[in-house]
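A short worksheet on the structure shown next.
When the chains are written out, they are named A, B and C in that same order, and each has its own residue count from 1.
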């Protein structure tokens, strides 16, 4: 049931990409997004595609998994394609029927948009597939730490995020249990009229909320007992250390970005 | 005819994946109408998976479950009725309470059965009395009650459906000795009044020994044994081997037997041990 | 200083929640000294005040009147709160609700991170603590993959890593199965024996209390019995009257005593009971083969 849902979509492994410093991975991903959106020609996109392919191969994760990441966005892709296909009116008319027409420019733009979105999803998936959510949170906290000076609650947000990650499996298991218990009392969760279903949803949500508040309360006490006092003066067990490979990865990424910018300037 | 029967019941979690695990493995058993049965097994023995089949929460991978001689999965659409006939109380059932009043929470099951208001009222009040909840508690919020009272409200919620078979998964978990004795005595009283079939899952052989007609022991997904209490205790050593706790008093008598002082009976309660020792001592005096 | 915990005339009253309800006095004058290195079980039924007492040892609650001193620190002294909590680590009932991190070793490090312990030392203390509770090989696991008993051992490791003088466990086994209970109990006793850590174990299981060096029985906010387990458990009537169990062997000895057959009323172990019964039937203990099927230790 609910237990089968995977969260965070992290695939443990030991590839080069897995071993990169998560802070660098985040920065590289941002540069990658900029790269995809800077280029507005097929040539630029081809450079991005080469970079994406490189990341996918190096991550050591099956292509099937990346294709899976696109599936939930299929409707969005189809709509984007159709809008561009029918609404772009410049270029040579290839086909028309009553008020609908398809132009060569429309086809070009549709293909361009779809490829760009697919690359975007696959490329950013590399980050989440190769980095555990907790590491990711940690890296974000450290990247944003300069903002602490501006009184932005970086540590607090990261702590909230990591506690949420910690409790997701616990709450899923609990939800499963409550659903079973209410089913045993004849609650119809997946059948019946809308009102009975809504009513029965309450029989699940109320116990879940009550238990979550109880958990939050107990956790807060437990954290205080272990001397938690906010982010001030904390040290960390998890050490993030950058290695030469991180700088090389960053340099390669910047090189690709430079390539895209060059292509754009010379107008290819 | 047995009220509940399983034939070669098998259940596999996540089949065809690396996480595949057979939790219940070809279990065949028969439970007769009116029996009070203790169910034992350590965590992961398959006992929880087994009992979730009895009311159709889980569907067997293969094999059958028969209620009153009829396969409960014969008509998939009728599975909800099976849940009314086989009531299942989960572990820590107080965490499923959600209504504003004790009355409404106990009435949730009967209401789902589509009973009329008078019948619901009769059932709620009757079960509340069985489980030892006074009438003035009925309009209180269940969340204001003590832990033990909440547990009883939750148990009453299933009892009020008046199931033919009542299954309780560790009804005394986390309670202190007084709370444990209270709940067990109420369950026994309910069993006596309604004459229904009751299954109690417990880790404590001590608790089970004092009331069960028969004991069902699960181990590694298989039915380890299902027999009269005394016969099960005669296998106490094997039961200790599969990681279950044997009552202290039973262990003492096992050791006495090993040292040549055999009372010829299986001992599992203190009262019985006392009677046995006293009888033996008097007989010797008489000699 | 000999006493690690000193409790003087401790009273505690929960304030009334609203206008209709009465304030509830939960602790009604507790005097208790616990020596360094002792392992003390606080036994009582739900509502006896035992958990409230435990919460005073860690300044989660502060006395309404009276005084609690732990390791020379008055718990009411806010300026020394972290010092206090570092010297008296706390383990709670629900294993899930006290684990903060999604990785075992990071959870064990949590208190050390908060205290600003430098990395090298933290690494060592975390590894040592994980080895002490026998969870080292699980250090990179997620807590959701662990059993209840394993989670509690992780929580204990989190306390051990702080290197406290004393560990307070508030019903740590109430939600565990027999296997998990054994694991946790064995770990706690090991800390007491090998590291000389003072243990305060709050429980309502008499089997667990019987393994401690001293048992304090609470009822209605007061200490009613205090002494070695065999002395305390021989008070069968008192214990039963306040809704607690006694070990089955103690109960049997008491029942036989009532029937006019005296076997030692201070019987708390199976071994003692077996021998007493052998004597009662006029049989001297025979020589035993080396392999004995006592399961006393595991109990």
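Observations, loosely collected:
Just so it is clear, contacts are C-beta pairs under 8 Å (C-beta built on N, C-alpha and C of every residue); 3 or more make two chains touch, one makes a residue touch a chain.
The structure presented is a predicted model; accordingly, all values stated were derived computationally and were not measured.
Least step count on the touch graph, chain A to chain C: 1. For chain B, the chain with the farthest CA centroid is A. One inter-chain figure worth recording: chain A and chain B are separated by 46 Å, centre to centre, where each centre is the mean of the chain's CA atoms. Centre-to-centre, using mean CA coordinates, chain B is 30 Å away from chain C.
The set of chain B residues that touch two or more partner chains is empty.
Of all residues in chain A, only 133-134, 162-163, 165-166, 169-170, 173, 214-215, 218-219, 221-229, 233-239 touch chain C in the complex they form. In the complex of the two chains, the chain B residues touching chain A come out as 14, 52, 55, 57, 80, 83-84, 87-90, 93, 95-98, 108-109, 112-113, 143, 157-158, 161.
The touching residues of chain C, counted against chain B in their complex, run 45-47, 147, 174-175, 177-180, 204, 206-207, 243-245, 247-249, 251-252, 255-256, 259, 261, 270, 273-274, 277-278, 280-281, 283, 285-286, 288, 293-295, 299. On the side of chain A, the complex with chain B involves touching residues 4, 174, 177-178, 180-188, 202-203, 206-207, 210-211. Remark: chain B residues 42-43, 146-148, 173-179, 203-204, 206, 237, 240, 243-249, 251-252, 254-256, 258-261, 270-271, 273-274, 277-278, 280-281, 284 touch chain C in the complex.
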